[in-house]
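The following blocks contain the structures, represented as structure tokens.
Same chain, two partners: chain A is paired with chain B first, then with chain C.
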Partner chain A sequence: MTTSAAASGRWRLRQPSVIPGFGLTLGFSLAYLTLIILIPLAGLVWRSASLSGEEFLAILSDERTIKALEVSFGTAFVAALINVVFGVLVAWVIVRYEFPGRRIVDAIVDLPFALPTAVAGIALAALYAPNGWVGQLLNLVGIKAAFNPTGIVIALVFIGLPFVVRTVQPIMEEIDREVEEAAATLGANRFQTIRRVLLPGLAPAILTGFALAFARGVGEYGSVIFIAGNIPYVSEIAPLLIVIRLEEFNYGAATAIATIMLCLSFAMLLVINLIQTWNRRRYGHGA
Partner chain B sequence: MARKTLRSPTTEAPLARYALMAAAFLFLALFLILPLVAVFIEAFRKGPGEFFASLGDPDTLAAIRLTLLVAVIAVPLNLVFGVAAAWAIAKFEFKGKAFLTTLIDLPFSVSPVISGLVYVLLFGAGSVLGPWLKSHGIEILFAVPGIVLATVFVTFPFVARELIPLMQEQGTGDEEAALSLGASGWQTFWYVTLPNIKWGLLYGVLLCNARAMGEFGAVSVVSGHIRGLTNTMPLHVEILYNEYNFVAAFAVASLLAALALVTLVVKTALELHYGAEIAAGRKH
Partner chain C sequence: MDVSVKNIRKEFDRYPALNDVSLDIRSGELIALLGPSGSGKTTLLRLIAGLETPTLGKIYFGAEDASHRTVQERHVGFVFQHYALFRHMTVADNIAFGLTVRPRGERPPKAEIQRRVGELLEMVQLSGLEKRYPNQLSGGQRQRVALARAMAIEPKVLLLDEPFGALDAKVRKELRRWLREFHDRTGHTTVFVTHDQEEALELADRVVVMSQGAIEQVGSSDDVYDRPNSPFVFSFIGDSASLPVTIADNGVYFENEAIGIAPRNGDITSGNGTLFFRPQDVVLVSDPAAPALEGRVSTSRRLAGTRIADIDVGKPGEPHHVEIEVPLDAQAATGTTLRFRPTRWKTFAA
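For the complex of A and B:
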């Protein structure tokens, strides 16, 4: 008699359901999440909070730290831009064109998700080093593609490609051909249709793909360190500097650099979520 | 294709089409195919004899065993978590659900090096737990437990994020029917839910396993790089490479690359045959 009144009047954690196991599964999930993820991350924040403000600033204003962060964010940005161009191109070719081996090409795009980063790292280094297959050719035209920031960009292009393709591809598949036909009948040429009709619809997905590739690139370690040359102030990435500081038992510096990277990554995550919410509201589906 | 002469208004001119395809293929060849091919060519540079000899090295065998051991522990842990989390999130409506889902994805946005660092800060010499662990003779850092923890951290979301959207899509109708017919909670899970999600589950486990065996950054920070003891396969690749032992480095790398290829083939086969049952699989 009072159940409906109680349900509407009182705050409750969950809506009633006949399905059992809520307490068990949620309890286990929360406990596991807390032990594996939350406590360790809280430890990082706590450790970083125990540094004094001056210590923190001193580490972050250190020339080598600043350069490493610049290298990480700069190369990740350039690589994400390259991935936007070629990722959209690859997605377009897979979605729109019929050719033999299309499924294989589609499957191979996921290679960077499946291939361990260290394997990718040594393979790219062997390929793009001055004596490697591709490196030799690039040397002829005066491009040095390994052991400098260019090498880092190459590794991050490899790592980031599937993020762009896999965010853009499903949206491309959903495009209604009639829209393009309408544009064509209204006198738009193909280039105008792509630029003014198709690209605006894809823009949120492209932006999300860019952000995902960028965020991944900033934190990437395994594939980069073999091809980067790791020259301090020039081609040393921030994650490597964390490792170096740890090996020196300079936990304070490692923590400070990690904290600033985490803050920047979470800001990125927030931006991605905002884009997706905005996108859903505008087009009725997520990227 | 009888209308070949009439070009559809919704595609590009043939010349533009070929140019775009050529550009895409050249890009994929340079950045994806050639690196993969290079791994196998470098591994067999000095012939199959040298290849198998470097794989038979005791330190290499120890690295392979450790990698398998870590995956055997880490993957089932995250499998159980993934199923439990997906059950709670997909079958019930409760406050804070969206927040919980976001938290599960957290490890994806953390640099692998930081994933390792958090455990160094938690269990290392300078931490609260460090001295206590030392006095009790418990080794976590620079030992197998640390490597397992770091691997569990980085592979944490894989199973859960495959299952959550899938189970949300399937709803609760099947389970309610089973329960109303008198099945117990466990029976409902085993005979109704599990058959519904098995392919999605396999898909998530596959991706989780690939990452668990291949993880480098996080494991590198907590392992201590002790040859034959705390070196996983990816770490062993690095050591051999830095010793200019390229054939051995690429030989071990080729095993990992073969694992990646198998993963891709099974993944593609699952998507082809059970696309609907792993509906969320295409999103990353």
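For the complex of A and C:
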């Protein structure tokens, strides 16, 4: 299979190496991805295809659907942005400084991965509710941090942080000290070194971290519904709307919304990947 | 710009990397810091640049005490062994970096920066590559970009850390000659670190030989090769042989036998010492009665225009191994006995 593909020339994806196993591993990967990801997603599209075009459009143009999608994608975007800023900062502190408890901080970063999301949601809701510890303080300065989109953002920031930290951290560890020293000998101050030398090098990793945090945020359900308030048209997220439709046994509407989310997410991840490729090519890393 | 280093001591975790080092570098000089790894040469270079702070001692740039100046304020050009180019910037942006990070008031206008970059590229013979990224250049080209980038800020001093260490032999030779020409043209005070003695001797006006955190000798190539002032320098620079000897009665004795040479200027005049000589500075002694060193040839090999003989001298049980050059027509087959005497040598107290 591989030899004929290579020989035909047109189908050459990547030259298989002399070490055997390309055919086997590629075959297994494809079968696995099909089983785990593609078949369920195809089922989703199949299910929504049972709707007629008009019905599909009606669900799409429904004010409530549009608002829910806006809330989901909007809050996920804002949360991912916040995570990029503070995630990079946290990664920097862990990578660059030796301090007592560094390893504990390092471990704490992973907690949102491990915690059941519903537990996180309940804890956050209790904290940020108007009568909670943090909520009370925020209330004093006039910020309402629960049962509105701000609450959703808070939950998604919590959920998304490790994605940014864990993608940026290894790249940051590999930064060549000499490059920073070179910038310093050329007269660059610390701020200029970070902005013009270090951050551009980290950009691909930051972008990947952003994409992961964003994708996770769009699909997040458990931690959000407790703190969101779930007010239709205001703080109702798309995954919740899907569940509501399912509970109404309105499978068509549920799958239609899901299909839209799938398409939007896929489109955004594709754009982010294209930016990455463009970035790589620009710096002369070949195709 | 003169640079002087005064009684510098540098410790890393209590372990001294440099111990009481002083050095005067004259304006416009090309100086090599030469030594084995761990001798402190790179540390000394980084201290001059301000990339390290001395534990004790001072560094002067001209008359000014620069010890507490930051790297940025010192205004030195530093070239790293692995180039340390900014990978996400084009060649032109790399070179212009030092100019574009200046505060707004001192920053030259864009057109001026562009002109300067063009000039520098021409100087390092890379015109036409300004749009490339470092990944698209060869090692030698990258090193020249690094040099152009360092030169862009018009540094007072140019410091190079093993500038040719990561390049292959041929490129290394070319760049060596090129750096010498470049230095003569620009007249910058230049200090470079190397562990390659050939590089240091060929390139530098003065060579600073370092060992174990201290300077052993400072001098021209001729000085350190012909007039080494310590056993370390003698054995580190060039090939050499050494033998334990005793000096007495105005003669040099090896294992109680006179070897036909007398202490000269600079040699020790009595007591136990070590005799150093180079393989080419010997003469064969044919007269069996004349005093000389005597040894058995263990191997001999032809090396270009000469023949090198490995000789075991001294008692059969504990021979001392020396290497000498013998004429091509000399009888030096394995197992034969050779008698020889150094023509140029130096003795140091043991």
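The criterion applied here is as follows: the second predicted complex is superposed on the first by the 227 of 287 C-alpha atoms of A that agree within 3 Å, B and C clash if a C-alpha of one lies under 4 Å from a C-alpha of the other, contacts with A are read in each partner's own complex, and residues count from 1 in each chain.
Note that in this section contacts are C-beta pairs under 8 Å (C-beta built on N, C-alpha and C of every residue); 3 or more make two chains touch, one makes a residue touch a chain.
Quantities reported herein were computed from a predicted structural model and do not represent experimental measurements.
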Check: What's your read, chain B or chain C touching more residues of chain A?
Finding: B
Notebook entry, point to check: First (chain B), second (chain C), both or neither: which does A:L124 touch?
Noted result: first
Notebook entry, point to check: For A:Q192, is the partner it touches chain B (first), chain C (second), both, or none of the two (neither)?
Noted result: second
Margin query: Touch test for A:L270: chain B only (first), chain C only (second), both, or neither?
Written below: neither
Check: With the two structures laid over each other on chain A, which partner does A:I231 touch: chain B (first), chain C (second), both, or neither?
Finding: neither
Item checked: Which superposed partner A:A49 touches (first chain B, second chain C, both, neither) -> neither
Margin query: Going by the contact rule set out at the top, does A:I66 touch chain B (first), chain C (second), both, or neither?
Written below: neither
Checklist line | Partner chain in contact with A:P200 - chain B first, chain C second, else both or neither | finding: second
Margin query: Quick check on the superposed pair: does A:E181 touch chain B, chain C, both, or neither? Answer first, second, both or neither.
Written below: both
Check: Which chain A residues come up in both lists, the one for chain B and the one for chain C?
Finding: 181, 184-185
Notebook entry, point to check: For chain B, which residues count as touching chain A in their complex?
Noted result: 9-13, 16-17, 20-21, 23-25, 27-28, 30-36, 38-39, 42, 80-81, 84-85, 87-88, 91-95, 100, 102-104, 106-107, 109-114, 117-122, 124, 126-127, 149, 152-153, 156, 172, 175-176, 179-180, 185, 188-189, 207, 210, 213-217, 220-221, 233-235, 237-238, 241, 246, 249-250, 253, 256-257, 260-261, 263-265, 267-268, 272, 282-284
Item checked: chain B-touching residues of chain A, taken from the complex the two chains share -> 13-15, 17-22, 24-26, 28-30, 32-33, 36-41, 43-44, 47, 86, 89-90, 92-93, 96-97, 99, 103, 105-120, 122-124, 126-127, 132-134, 154, 157-158, 161-163, 166-167, 169-170, 177, 180-181, 184-185, 190, 193, 212, 215, 218-222, 226, 239-240, 242-243, 246, 251, 254-255, 258, 261-262, 265-266, 268-269, 273
Notebook entry, point to check: Can you list the chain C residues touching chain A in their complex?
Noted result: 49-51, 70-72, 74-78, 80, 82, 84-89, 97-98, 101-102, 132-136, 146, 149-150, 152-153
Notebook entry, point to check: What residues of chain A sit close enough to touch chain C in their complex?
Noted result: 176, 178-179, 181-189, 192, 196-197, 200-201, 203, 282-285
